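Structures for review follow.
The same subunit A turns up in both complexes below, where it pairs with subunit B and then with subunit C.
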Partner chain A sequence: MHPGSPWFFDPFVLPFSIGVLWLFIAIVWKWSKWFAGLPREDKALIRHNFFTARTFRAIKEAFLECLIHRKIWKTNPMLGFMHMSLALGWFLLIVVGKLETSAYIRDAVNPPHVHVFFRYFFPEEPAAYIRHFNYALLMDCLLIFVLCGVALAWGKRLYSRMMGMKRTTRHTPFDRIALTTLWLIFPLRYLAESITCGVHDSGSFFTGGTGDLLASVLPGGVLSAMEYPAWWAYSIVLGLFFVAMPYSRYMHIFTEIPLIFLRAYKVKSKPEGSTFDNFQIQACSRCGICLDPCPIAADLDINNIQPAYFLRDRRYGHLTAQVADTCLMCGRCAQACPVGIDQATLRLSSRVAFARQSSFYEAPRYEFLASTADRSEGTGRVGYFAGCMTQLTPSITRAMEKIFAAARVDVWWADKNGGVCCGRPMRLSGNLPAAERMERYNTELFRKHGITTLVTGCPICYKTFTQEYKELQKMGIRVLHHTQYIAELIAGGRLKTSTLAASYAYHDPCELRGIYSEPRYVLSHVATLTNAESHEKDRVHCCGGSLANLTLDTAAQKKIGTTVVHNLLATGAETIVTSCPQCKKSLQLSAGNDQVHVVDIAEVVARAV
Partner chain B sequence: MTQERILVIGGGIAGLQAAAALREEGFRPLIIEKSPATGGHVARWDRLFPTQLHAREVIDTLNTATDGIESATGQEIVSLQSDGTGVTALSATGERFEGRAAVVATGFDLFDARLKEEYGYGMYENVITSAELEAMFRDGKVTMRNGEAPKRVAILHCVGSRDEKVGQNHCSKVCCITGIKQAIELTEAVPGVQVTNFYMDLRAFGNGYEELYRRSQIENGVTYVRGRISEAGETIDKRIQLKVEDTLVGRPLRMTVDMLVLLVGMRAPKCCSTFGLPTQANGFFAPRDPYTQTVASTTPGIYLAGTATGPKTIGETVNEAVAVARRIRMDLKK
Partner chain C sequence: MDFGFTINAPRAIYLDKIDPTLRDKIIARERTTLLCIGCGSCTATCTTGQFTSFSLRKMQHLIRRGEYDTVRKSLQECMLCGKCRMVCPRGVHTRAVIHAMLEVL
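Our next item is the complex of A and B:
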């Protein structure tokens, strides 16, 4: 063994080297399988977008998210620092260690164990080397950086609220092995390097200083006797970590990178499922940031259905319908997720997979839609699609009748003229063919009546029309929720309103995510709005009545809604207003039937017309 | 010996019968009624199932039985306390009533049909409740708002009963047979009218109920469709268009009727949450046990009778009212 040869070896490097090899094979195997299994159109998307600016944006995102963990910083700075110090610190230890080794042995080609165990192979740096650059100092700083992260991780286990987290994830056995070894890796590295520095009187301030201290406390023979076992221990924990990694949550470290690139190339999860789902599922680090925002965890103390657990169960193949079906799909978790995993579509594809097991899945349903004599009549450029939920709240339809009349809009009423359910309830329960059956029927109806603007009374239909009815866009049909339509009428001066002497607290429906300015514009135009910032817009709590929930009973739904009612009434408002008939119904139930009045935005406007 | 005073809270049939029975047991009952007159819901009804007896006759019998018993009307009790030796009730107007014991015979409230917004009650002029139909029967003319006689009437069962969506999970027990009775009476009141009952289950459990159900079909031509109406819309001529799934055939069905009658269920009244007594899941007062202590509350000195503990028929209510008097005598005069 002499400087200049890259093939340094000692038996203690074996656990590490075997681990690295194993990890490498596992990653190559997983990625190639998933890439090969991608649907044809997704592969075409990758080819099409590869040589574009998207790749550069993905590189930037990968750097910001995988190393800096920018989104976690936004959730909680201390949590962000913990993740960054572990990720960026380790990454820099590898990069700088590699540079150090290559610079020292003057050969860029060397196996990874050389720089990982550099201090063992080169206990003393030559003076000439220090002159160029003090790598030892830099490596010591980086080690401190990583150790800070490890210390914070220990602290988080003891008291997670320190990092703003009430709940932390419960781990699988593999996660526990990986976690324990991860926690030991850097303290052992610190110990092994310090002992070597102590024995050889070398090293920079941190490892060298600790080495000096150890040498002064321990008899000389003891320290030298400890050196070799310490390096063995360090190698073994590294090896164990790498072996456990492909089975554990730490697979996210490598999976998030291709996910960022694929996402940049517009590859998406589909309700039918694809191998792309694996990239999303294994990119979940089970950090637990999704746990606290979940209304089901907060109000019902159900702690096994949140994305961290749903994705875990799906990854290890023990997903139950109960877990897949218990979700409001309110989107709070996705909003919080630092990896940006599209959990709603993944959950949907799981539901589809369960629905496919039923013999009814492909059976023709709703055949009467075709056989019913077409009784539809009337035409109009503007079509109003109240939808099932608005049909169940006729006061909203009445209010819209008044608004349309006041604005002198000639409307084609879809529901009175053959319109059927938009299909979302069927879709959310995984019954895609049934949902598509309704989509085709409604699309034909809109085509037949030459609709150019389609106004919906229900955000559920709105979401379906904008996201699932691909034909509507081709036909040039503009889809608006009535909140947006009323805002346009008022802004365009077509609807004259008075001001009501009443105060309202507005509840943002989950299904109208992102449509925040229109309802506020409309309501502040006709009345006083008393919303509290901490509970609105992206931070709104679901009313509990979501159609996406297939398991929670009314009592449970009511409990979730009660939180919303409490938050809204705390603002001092007399009346609760929302823009979703389903939210209206569930909030009314939660508010108690007599005390509080819950209305739709259309009812408020109609009163002011 | 001065007779011990027993407060009877509620002057419906339970309260009236309890007061009469208490007097016979040697007590001095005081009936406290929140509305200006006693008689409760039954006094507002026209005829009763299963024999179509006039409700007036039941009320007359009870009025005779309670003749001379003290009563305080227009007094809504808002709080009720027992200290083991006596009870104190306070009314909304601040009046104080004291007695040796109290019978809570506060009955039920009718479900507010406006909460099932999809049926358009309060919005569509020809959607009425079963109570309003009884009032029409009493007035002797069943008409639509425009004064015309309806040709087609739909009766919808379980409005505010067995419906989780409005927080009313319990069965109101008397509506099925009331729907059958009202359907028969509609065909009697409006010759030629076609009546359809929409139900989820027909629970014709009592004596003579099943027979009445059968008779309504054979003699009165009433039709029954299993399926809850999913939505109701008003047509231009103020008729009601119904959408419903006939769940026996498994097909959706559309029907336009002149009048929609909502069979409103029984819900727990407000006092169930203000008296400080334990309640059941359905919101009504909880008896000490549902087997041998059906008329006692968990608080000594406070007793329960009639629909205060959940939906009941008139016969069951009257039985409980007699039983409560007997139970009080057994407890107090050991």
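Our next item is the complex of A and C:
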């Protein structure tokens, strides 16, 4: 059929149309499978929150993140512009193209190929139409906008550092196919439209201008002979992209939208895993923003375990225990992630899946706990749980004893003579039932002694008590890390301190992410703090000793810690101070035992008391 | 007479007759297990060790000798807290050793 036929059909639209149909079926299939598989409580959450303001907030977030890419703008403006021009530009090309077509043929119902190949079917616009609204001009501007993004993407491939990225993602074969076709789509569209405009002497400044240039350079016959193959090429490339899309990283384009809505409805990933995980996994575009913040990449040059690769391996079903287990779970990647993927829980659920294969997973554990004698001492309402790591660093417990005594607090010492682990190290290895057994023991212990406040010496325990021990909240027990507790004592005037003539650099433990003001308040109160003003996103950097790591050896751990020590000493401090016994030990190991002193915040305060 | 300790009955382990498969698997999973000199620092600091006779040092020996059943029983008591790793003078990644044992045995 010739161009301009009322059926608006030509065989060259077939590759595109088949691709679109395929993509549509793939998306519907994936989404309905994942939605149907959601746990009952998640479905209830969706029903409960659907007709609330959350939906509007999700629409706003979807617009800001999926089209504008606001978080990537914050990471790096040029990177943000590249993502925005491709996403928003393409989206507007579709919307404006649809409006243009509907206005032009005076019928809002038309198949998608009509507006995609509009210029082919309607090579010449009447002058009256242009006076009404210059769609051709707008479409040309949008095409330039998208082509800028494509050019930047090529530039990023050559020199990614201009967008602030040292490392970029290594792609799978399907990603390469999709990437190549994506890079060709818009240049080919530009070419096909320009040729048609050149042949028919139409179009706006960009495609029309290029068409005029082509017409003046090439003999008329050559240009019209090129027209039809150019449209075929454009259609084939589009079709290929759509076919490759469900298998490639570009599935994120459509998966991020339901993810934003589900997250707004408070649906979360669970350590046991659920089909919601698929939304998170496939919403990862492997943009590579998570690669640079990872200390394992920066210090150890291990480049196959970062979220982009972990989620990729998990998505395609070839995840190994090695990849799942090699992670410090310090959360730097998750903080950088523009999609907000909860990588820690996803990694944990993968570890759980591996742990389940062991015959020990469901076996009854720690039966000796039933007959264990209570080793706690004291009668206070304030409980102090030192935790395993603080038991290895008795100077911290001694410092806390002095602080409690100075503030005249009556303390119940939960594990001064030995206690049971909080369960987080076990949990992070994926053995949930074993961790829950420890949780039950400790909860019962706290219940028995009727405490109202629980102070922990270790951020690892603090995190478990606040996040996993659901009973503590019901029992009305306030959980505080000793950093927070000391800050309260000082602020309440219960603890009188002198000022020490020493300068300290504070190291933020990963497990105390978000608790930044209390330690800085305490330290500025008793001494000079050299890194009080560091940027929030740079604050947490694992000491290397993370208990989430199940594979890296001591040398690797030491190397990560050395970077931290180096950065802290560069601020001009004499001594490093932290609030985690694990960090204290690791940093001391990395710093060398004689040169630099690493102390706990409680020890600093105790000196000033 | 109670001395507070007993002496193990004499036993003979025929290293030629043990099944080394599991032992080798564990060693392949976590190479640092070979660094162990059996000093017992891990056992001395062990959280579980406060309550039971659990001993990583002993387990390392039992694995070398192919006595997997005894290890299996004892393995379930570990809390994986990682204190042993921090005191190990040889840099054995003790948590990874236990983790490997949990998966292999």
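Everything that follows uses one rule, which is that the second predicted complex is superposed on the first by the 584 of 609 C-alpha atoms of A that agree within 3 Å, B and C clash if a C-alpha of one lies under 4 Å from a C-alpha of the other, contacts with A are read in each partner's own complex, and residues count from 1 in each chain.
In the analysis below, contacts are C-beta pairs under 8 Å (C-beta built on N, C-alpha and C of every residue); 3 or more make two chains touch, one makes a residue touch a chain.
Only a predicted model underlies this, so the values are computations on that prediction, with no experimental measurement involved.
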Fit or clash between subunit C and subunit B when superposed on subunit A: clash
Contacts of A:Gln343 with subunit B and subunit C, given as first, second, both or neither: neither
Touched partner set for A:Ala355, first subunit B, second subunit C, both or neither: second
Touching partner for A:Asn431 - first (subunit B), second (subunit C), both, neither: second
Partner chain in contact with A:Pro394 - subunit B first, subunit C second, else both or neither: first
First, second, both or neither for A:Ala363, with subunit B first and subunit C second: second
Touched partner set for A:Thr554, first subunit B, second subunit C, both or neither: both
Which partner reaches more residues of subunit A (counting touched residues only), subunit B or subunit C: C
Partner chain(s) touched by A:Ala321 [first = subunit B, second = subunit C, both, neither]: second
First (subunit B), second (subunit C), both or neither touched by A:Gly418: second
Which of subunit B and subunit C A:Ser269 touches, first, second, both or neither: neither
Clash with subunit B, by subunit C stretch, listed 21-29, 39-47 or 93-101: 39-47
Contact residues of subunit A, present in both the subunit B and the subunit C interface: 368, 388, 391-392, 553-555, 585
Touching residues on subunit A, where the partner in the complex is subunit C: 321, 325, 354-355, 357-360, 363-366, 368-369, 372, 375, 388-389, 391-392, 418-421, 423, 425-426, 429, 431, 434, 438, 545, 547, 550-555, 582, 585
Residues of subunit B touching subunit A in the complex: 112, 115, 117-118, 120, 123-124, 164-167, 169, 230-234, 243, 251-252
Residues of subunit C defined as touching subunit A within the complex: 32, 45, 47, 50-52, 75-77, 79-83, 86-87, 91, 93, 95-96, 99, 102-103, 105
Footprint of subunit B on subunit A - complex, ascending: 368, 388, 391-395, 398, 416, 553-555, 558, 585, 588-589, 593-594
